[in-house]
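The following pair of complexes shares a single chain, chain A, combined with chain B in the former and chain C in the latter.
Right after this comes the complex of A and B.
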């Protein structure tokens, strides 16, 4: 029983992290119908920048965020304007996969050149202990990851729901043509949307740096998991992705403690297949897809 | 939705083929038409990018140090050695076509093996079909030796399942009141990593030490906390990991966080890399690993190799570089003994026969091989003692006493 509780607790915490990592991916698809294969590569670019800030200046990894978040926002706008916006709209989903695949390889190559292929890690003393409640251990690094994810997602939702930019963004997601007709600069909004997506990757990268060692090719492991999350959650629905992330995190944690690790990893794809068979728009796709 | 499905299909195809996107061929230099007078060309494919790029580069450097030293001595049979490298990007399909083209197009005189059992098997199949001798630095899984290869030799002290032999002996000889009663095993789903852990598991289980957790995780695993939770619930006396780097760090951190305090913790690859102590932040103390090579050992050529490595690459040599170098030492000894270095079956057979029968002095100690090409020696056992890597087993090679039980992490 306590093992189940432990698995459940770890699953919820990990699910929160997954939600953060997948949120950007969901946003790109929601705003622009762009499948952004390079998102995990940007996550690890964020992890490497965090590593640099931490090792060169001796600062806490989270102090990298004031540098990396605005940097990634600008980078996102630039990538959207210079590359994504040039893709033919009729074939956007497919072409964006190929284009962003190239971007991912480029980032991997650059990371290999600048940082070599050896493993880097950012280990903090405060992240190696755990909080024990009623026999259930909650590792601090996972608690931190969960709260950083939660705060980032709350900020993201607040921006999307409350701000004028968020309204334009949602209007663009709901109906691009209509939004354009009522005077929204959909292209500009798309650029900012991409920027916001990459800004979440900066935060995700810092959290990843704290919990796992990484090398330039580390991002490939994540793309399948994150894609599964956003498809299960309903493509384009940020809330759907967040809920699916927690759901899959919990299922993964429980399967891991009750069955084994191979099945736990497979659960992502089992859910992906079941979702595509039973509800191709995703769990939260139909009703929530355009409402966050 | 169809479009999305299509995109997802493309992602999967791309993911499969992703490694095919980066290739850094290094073509050989100008070739002399008469093979007998030109350089001795040695064809090698290595994972210089992709999952195994780090050890792949280590092996490459070991090969380069060896070639540099051989050339300084006048070459092989008076001919300069030229290494021709291909990058297989850690892809088993690429490694086959690399060796195919090295042998048929570059017309190399010899081939040396790649890194990892996953690449060694397809590579050795090609080498075997062209009758080439195949000495390899890093294919230790037992499956490598079950393929019926006649010309494959693994240039390290022991195959995977024998890596922990000295540790098994030590544990089984402990007095009854100290001997562990239960053990937990967690292993990466990889023939090498699993082989190391299972070698120890089988020996301990046969002697009555109960296996309480036996977990295998796929390479995609990013979260080790639930595995550690399982181990925590079983409260084992010892924890053994069949690991590479990322997962060894992930497991150690998770075990530490979940307050698992075994009397002994052993992980195969990972703690043997210089990055390990920083990555686990203070938890490295008393962790045990099998190790095939030591920078301080006085085996034939070891100190020269360490020195030359530093001059050429600026850092400290590691086990991968040593394994690459060892391949060179064995082939060099065989070529000098049989006095031929042609890609013809006659010469390659002579080389293979010589390697099968001889004992070779190398930087990892004297090596000899059985009929399947398995080395007949064992790995040393290292431990972090007072923050330093020390050899603790066997008695004859030790630089410090083994610490058991380990301190809490």
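Right after this comes the complex of A and C.
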């Protein structure tokens, strides 16, 4: 019983992190109908930058954020405006996947060249202990990861719902032509949408660096997991992705403690295929996700 | 033009057959066999990607399954390698039909996601099922020709891969002239319209998916007995799948010889990178950058530049004056 509770608790904590990591993917898909395969590669770029800040300057990993978040925002705007916006609209879905796939390979190769292919990790004293409540062990690093993810997501939602930029972004997601008709510069907004999405990758990368060892090819595992999350949630739906992330995080946690790690990861693909067979538009996606 | 278009393929074929006797050492025979293998795989990929426009990044799943299927039948069941090769290719084709029924239900971006997920799944299964596959330590397959030394084996497999390439090219050519091929092209242009015109889109897509998987699985099986050792991380890598896509796009997905041309450029370049730069990861960056450049600037491929047939509408949009200039002496 306590084993199941343990799996459940860990699942919720990692599910929160998955929600943050998948939120960027939902944003890209929303504004441009683009599946950004390079998102996990940027996550690990963020993780490696955090590693450099930590080892070279001896700073706390979270102090890397004031540098990486604005940097990734600019990179995101650049990727959208300089690369993705140039693609022909009639074949955007396929070509954008290939384009971002090329970006992912480029980043992986550069990381491998500069940091070598061996495992790196960032360990802090405060992250190695764990909190014990009623026989359930909760590592502090997972708790920190959960709260950072939760706070970032709350800020993201607040921006999307309250600010003028958030309103125009949501308008662009809902109906591009209509948004343009009421005077929104949809191209610019789409660029900023990419910037915000990639900025979440900077935060996610720092958190990943703290909780898990990483090497340049680690992003492939995350592509599969995150893609499964956004398909189960419904492509383009930020809230759907967050719910699916927690659901899959819990399923993974429960399978991890009862069966083994292979089956825990396999659950993501099982859910992906079940979703495609039963409900190809995803379980929480609305009209937006139709036919994609 | 007519002589060139008929004669050139024959000349290239003759050169290909003579290739192992023209090169000075066995390393170049090995590199040639590898290139022909990639050409065969890219051509099979194009049976799906070129006709239907469904971009699969996960065809290395079929490569790996074909390789492991053949290897396991030889090692664990003691089946002769030719039988193992054919049996495992058949099994992979059946598997592709089952997967295809789920995979081609979704279009565009979702299909690519499914194809990526397929590779990751197969990698997990093969690495996890340690008792059968040997897990991450890999699988050793005995050489099918114990009498031959390494170089002669390369030569035999060069011709085996060449035969596979010829079969794949012939299939593409046959499909491109058939009613089936016309249906697949209609799916690429406008799937809803094709369906409303009575094209059995679902069955056609699954058939194309399975046919394309069949030849990739055969290539995988040949690779298994040729190399003799299988590493799950390599055979199920997304990189092999992306090579097939890159080669096809670079050469031109709408042309019979497009993927072959792409393979002739990409595979030797990859080998060269490996020698010139050693085992560093920078070759990934090179592959990635080439892919980005091809997608941005040459999505129709090299061959599209040399042929009159453009990717656009068959009746070009031009003014009467332009037309007149075209026919004026």
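As a working rule, the second predicted complex is superposed on the first by the 286 of 292 C-alpha atoms of A that agree within 3 Å, B and C clash if a C-alpha of one lies under 4 Å from a C-alpha of the other, contacts with A are read in each partner's own complex, and residues count from 1 in each chain.
To be clear about the criterion, a residue touches a chain if its C-beta (ideal position, glycine included) is under 8 Å from a C-beta of that chain, and two chains touch if they have at least 3 such contacts.
Quantities reported herein were computed from a predicted structural model and do not represent experimental measurements.
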Joint occupancy of chain A by chain B and chain C, clash or fit: clash
Contacts of A:177 with chain B and chain C, given as first, second, both or neither: neither
Chain B versus chain C as contact partner of A:220, first or second or both or neither: both
First, second, both or neither for A:257, with chain B first and chain C second: first
Chain B versus chain C as contact partner of A:113, first or second or both or neither: second
Which superposed partner A:280 touches (first chain B, second chain C, both, neither): both
Touching partner for A:93 - first (chain B), second (chain C), both, neither: both
Which of chain B and chain C A:265 touches, first, second, both or neither: both
Contacts on chain A seen with chain B and repeated with chain C across the two complexes: 35, 37, 93-94, 96-98, 101, 105, 109, 112, 117, 216, 220-221, 223-224, 227, 231, 235, 260, 262, 265, 276, 280
Chain A - residues contacting chain C, complex: 29, 33-35, 37, 83, 86-88, 91, 93-99, 101-113, 117, 216, 220-221, 223-224, 227-228, 231, 235, 260, 262-263, 265-266, 268-269, 272-273, 276-277, 280, 291-292
Interface residues, chain B side, partner chain A - complex: 1, 3-8, 10-11, 14-15, 18, 21-22, 49-51, 53-54, 57, 189, 215-223, 225-227, 229-230, 232-233, 245-246, 249-250, 253-254, 256-259, 273, 275, 278-283
Residues on chain C engaged by chain A in the complex (per definition of touch): 53, 55, 57, 102-103, 105-110, 112-114, 116-117, 120-121, 124-125, 127-128, 238-239, 242, 245, 249, 280-292, 295-296, 299
Complex contact set, residues of chain A against chain B: 2-3, 6-7, 10-11, 14, 35, 37, 93-94, 96-98, 101, 105, 109, 112, 117-121, 123-125, 127-130, 132, 137, 139-142, 212-213, 215-218, 220-225, 227, 231, 235, 252-253, 256-257, 260-262, 264-265, 276, 280-281
